[in-house]
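In this document, chain identifiers A, B, C and D correspond to the written order of the chains, with residue numbering beginning at 1 in each.
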Amino acid sequence: MSFWIYTLVAVIKIALMLFVLLTAVAYIVWLERKVVGRIQNRWGPTRVGPFGLLQPAADGIKFILKEDLTPPHVYKPIFIAAPIIAVVFALTSIALIPFGNSVHILGYDIPLQITDVNTGLLIVLGITSMGVYGIALAGWSSNNKYSMLGSLRASAQMISYEISLGLSLIGVLVLAGTFSLRDIVQSQGGHFPGYIPHWNIFRGQIVAFFIYLTSAYAETNRIPFDLPEAETELVAGYHTEYSAMKFAMFFMAEYANMVTVACLATLLFLGGWNGPIFGPPLLQVLLPVLWFFLKVFVFIFIYIWVRGTMPRFRYDQLMAFGWKFLLPLALANLIITAFVVAVRA
Amino acid sequence: MVPLSYYLVLSAILFACGVLGFLLKRNIITIFMSIELMLNGVNLSFVAFASQWHALSGQIFVFFVMVVAAAEAAVGLAIIISVYRTRDTLNVDRVDLLKL
Amino acid sequence: MHLALFLVFGIVCVAGAVNLLIQSHPIQSALSLIVVMASLAVEYLLLGAEFVAAVQVIVYAGAIMVLFVFVIMLLNAGEEERSQGSHIALLLGLPSLLLVGVLLAWSVTHHATDSVRVGSLYGDPRTIGKLLFTQYLLPFEITSLLILIAIMGAVVLASKPEVTPVGPASGLTTGKEK
Amino acid sequence: MNPNLYLWMIPLLPLTGAAVNGLLGRRFSKKTVAGVALFFSGTAFLLALRVLLSYSSLTLPYVEPGISWIRSGEFHVNFAFYLDQLSLLMLMVVTGVGFLIHIYSVGYMWDDDGFYRFFSYLNLFMFFMLMLILANNYLVMFIGWEGVGLASYLLIGFYFLKDSAAAAGKKAFITNRIGDLGFLIALFLMVQHFGSLDFQRVAAGVAQLPAEVAGAGVLTAIGILLMVGAAGKSAQLPLYVWLPDAMEGPTPVSALIHAATMVTAGVYMVSRSHVIFDKAPTALLVVAIVGTLTALFAATIGIAQTDIKKVLAYSTVSQLGYMFMACGVAAYSAGVFHLMTHAFFKGLLFLGSGSVIHALSGEQDMRQMGGLRKKIPWTFWTMAIGTVAIAGIWPLSGFHSKDEILWKAYSQGPSKMIWALGVLTAFITSFYMFRLLFMTFFGDYRGSLESGDQGHDAHGPDLGHGHGHGGIHESPALMLVPLVILAALSLGGGYIPALKFLAPVFQTESSIGHTSAIATSEPALEESADKGTERFLQFVSVGVALLGAFLAWLLYLKSPYLPAQIAAWAGGLYRTVSNKYYVDEIYNWALIVPLLAMSRKWLWKGVDQDFIDTVINDSADATADTGGVLRRMQSGNLRSYAAWLTAGGAVVLAYMVWLGVH
């Protein structure tokens, strides 16, 4: 493929990917409010459109139209930069995630992935670790005690859980033997006798899966670990001073992170787009993508479900749990998997 | 094709900026950061030479530099915090009392 | 193509470094340092050292600089005082700066070493990992020990002393009250 | 085989005596102190006597090996004892006269408060003198040599409350030390050339060397240096100044040390090392010249002295000059013979003068005496015998020994001049001795003591020594007995066959036959054809002695006013002579003043003050200054540290680049 065609395909893929991601983000918000509502025995948004389906659009318009004020005593340059940083890093990590097998159109074999880098997982980790700056700077630049305290707690929490996240992934890497996400998914094809698919979750990585899940919740500041913007204690945490559009950006960054983490989970543990494929060639192309989205939806549902039921951690419990329980567990899991692989090899 | 000397010049510039920051700046943390900058300059030349002489040991060495930098940053910042606690200032010129 | 990329990120790098000097508030210089490190990661990629680039981003930009930003926020010291220090620095500094510049220019023009084939040395994680855990095992173990000691040192130094400190401690603490 | 002579017992006894008296004397009563001193010196004398009596069964020289002292490489020295005729004779003189003087001093020092101290010093002196005589090698002799010097210092300075006594003690010790320096250098040369200091080894070593007729050479050097040592100890010309001042000590001390024993140590040492001198004629010539000149010089001073002990001191110096003249002409046996006789009559004269002073309760100036003949007859008669003996008049011992020396000087001496000066000195000696006798004992009493006992004469106060009990009276028996014995010895001393007794000691050298006129051995000389000339010379010397006596009688008895006239007429000459030719003043001016000035101006001010102090102070300042400079660097300013750090780094970098380029 010549250079130009490659760029054209890339642009199309990027546009498609962004559109899907942003609408997904919006509708996850809607889904979350509906499910939490149902959990709390109430309906959730129903007014705007059938079953409240247009609620996200309404919110979006609200955020755009509201007055976006920047308080005078803030540290202006960084106050504005913080949400941008948060959103940028949240969205870039989506680029590396393969959501389907390759497709033949007009004789070209186009992989359903924006870019395939052989150290893909590493770069995703890098980008998530850079995401901390958005929140840290936001809290600090808005120059008030609550947001400052919130941002300190958020950055401390994210750094500590990043380590256990990384360690839990290594188990999968040891099995897959490569950093490239596409290869990891392909290594999970096929199935054991008795129709148990080769997903990593069944190949001894069950513990790693749960470690990954908990540290993912901490990474995205979701309910059990959403201390930074805990309404009851720190008003709104690090984005107290932010209004309309900037606030929306933080919101978007958070949910984008959730989607990324969910995709990663499916890729690494639930075998990505692997699933029973049957029917005509067009269907065979679409089914893997369908399987992938189905699994992602399961994860997001679990997210919302946990949000509705779990109480919030106290801060020192949170840190102690991260360092004293999760980290050793991840190390143990790593050692066992390495041991097993070494024995089998 | 990028000639090696370009990389060396770049690392030299980084190193020079690090040295200048080390000498001119008055805030202890900024001095600390300029040291990190110097280390990064050195890392760049390491990797450049590694790729020129086809020896991976250059890159390995970058890891060790990073580890040391991390350790140094940790301890250094701890010291800065304790200095701030006792002297209530981060200005280097103020911190010149030769006794505790 | 590579030259273009190199020049772009080289310039970004130098700009970040100079910005670190110029800025008066430490947070600004911290951010400019992060920019420098990110652009350096790209430079490493240009040189084919992928693993090093990734680690640079994760460890340097992601962890160490977060530590710096963290401490800057914690101490909240504010702007650097502009002391009208002695002009000796200028008298001494400028000529030496010029000298270094001339030296660099001379070395670039005269000693144009052979060019570097980008990607010629492929520093992928597998080979680096193998090398690291065989030939460089001893330094690896020693650095791990070093890190351990650094952690302990940091904890001891930064922990809040039982007796109230001499100066008025800043209101904010790391939350780990004893 | 020689019976065990217990030679080491002889010196040990006086040492124990000195220790007992010295340490416990304070608690003893005077009687016990005297008893202890006499007992130990007496037993030493008896042991010496036992050795003499068993002389016939001895085969001399007899060496008694003692404990080893120094053993470094092949140079060995041990405390061994050596006995031959010469040391036996000296042993008899020292122990005999020493014992007599002990008895005498018990009486003389009875009223003195430092009684026990005096006797412990006296015994100590006896110990060192015996060590000196009985030593088997020069180093042990040197111990005795030094010890004797020490004892003389202690005894001269006995009345230490008197400044003049203390100064005299110091003077004696220092002059002796100057002499000892020569002696030491001689010892060093001997060790270097002969590898040992034993008398036999040295003699054997010398035997192999050729006679140094040309004058230069090792033996001459050793000889002259030994002579310097002897001059220091036996008060010869250049270093005699300490002896007249030594009269500050109590009289028995002068008698024992400055007449009989210590001063003769030099003569003994020269005769003991006759082997060296025989091979070095020039050294021998030096000895002769020094001896003769000292004899004449001291005699002339003796004429003008008024203090009785000073006269005797100068007469001792001149008699010692005689002995060295004898040694100078290689008549060692004659010298030693004269030494013995001199010990007798000079000891007698000193003790006599002691009893005279005792009688006049401290009066020493002859001009205050006169006509004591009737008052102290015993002292008078014994001193008369002594005077006649020293003058050298025929039957007494003085004549025999002095005449023997003059004859040897005439026959063996390098030139007749020595004999002529010898005769002249003999004339002057008899003159001043009879002058002393007539002024003290004849004529009428010029003193003030006679008019009852109003305390001793103010003039010439002798602090510890005046006993104003009653007018002029004869000394107690305890003092007179030694006088009588010594008088008897002076009478009969001449007939002791010393010459034949000593012949074997000096026998060896004559058989070697050195070239000068002294080639013939002494016994061979007796049968020489010119017996007649010897007889003639004897008449000449007796005549001269009688002439001196007559002149003294003429001047001091017949017409006492004459001496004053002569003194006035002589004027300047008389004054210089009576002032001892101003020798002390010359020494003071020539040596002492410049020495003090040099040390004060140059050494103290120049070297110590300017050089050493400034060096130390400057280095201290230098370090302080550099410290100051460095201190400024440790200012605590972190950024200056950073600057220095970078500068250092830059320098290292530049050096690396420069290294790389070359």
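What we mean here is this: contacts are C-beta pairs under 8 Å (C-beta built on N, C-alpha and C of every residue); 3 or more make two chains touch, one makes a residue touch a chain.
Since the structure is predicted, the reported quantities are computational estimates derived from the model, not experimental observations.
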Touching chain C and also chain D, the following chains: B
Of all the chains shown, whose C-alpha centre falls nearest the centre of every protein C-alpha atom combined? B
When the contacting C-beta pairs are counted for B-D and for A-C, which pair yields the higher total? A-C
Which whole number of Å gives the spacing of the CA centres of chain B and chain D? 94
Taking each chain's centre as its mean C-alpha position, how far apart are chain A and chain C in Å? 29
Note: chain B sits from chain A at a C-alpha centroid distance in Å of 34
Per the C-alpha centroid definition, the whole-Å distance linking chain B and chain C comes out as 5
Residue list for chain C, restricted to those that touch at least two other chains: 51, 63, 74
Which residues of chain D are in contact with two or more other chains? none
For chain D, which residues count as touching chain B in their complex? 634-639, 642-643, 646
Over in the complex, which chain C residues touch chain A? Could you list them? 27-28, 31, 34, 50-51, 54, 57-58, 61-63, 66, 69-70, 73-74, 124-125, 172, 175-176
In their shared complex, chain D is touched by residues of chain B numbered 19, 22-23, 26, 31, 92-93, 95-98
Chain B-facing residues of chain C, complex: 2-3, 6, 10, 13-14, 17-18, 20-21, 26, 29-30, 33, 36-37, 40, 43-44, 46-49, 51-52, 55-56, 59-60, 63-64, 67-68, 71-72, 74-75, 77, 80-81, 83, 89, 93, 97, 100, 104, 107-108, 111-118, 120-121, 123, 127-128, 131-132, 135-136, 139, 143, 146-147, 149-151, 153-158, 165-170
What does chain B use to touch chain C in their complex? 1-10, 12-14, 16-18, 20-21, 23-27, 29-30, 32-34, 36-37, 40, 43-44, 47-48, 50-52, 54, 56-57, 59-60, 62-64, 66-75, 77-82, 84-91, 93
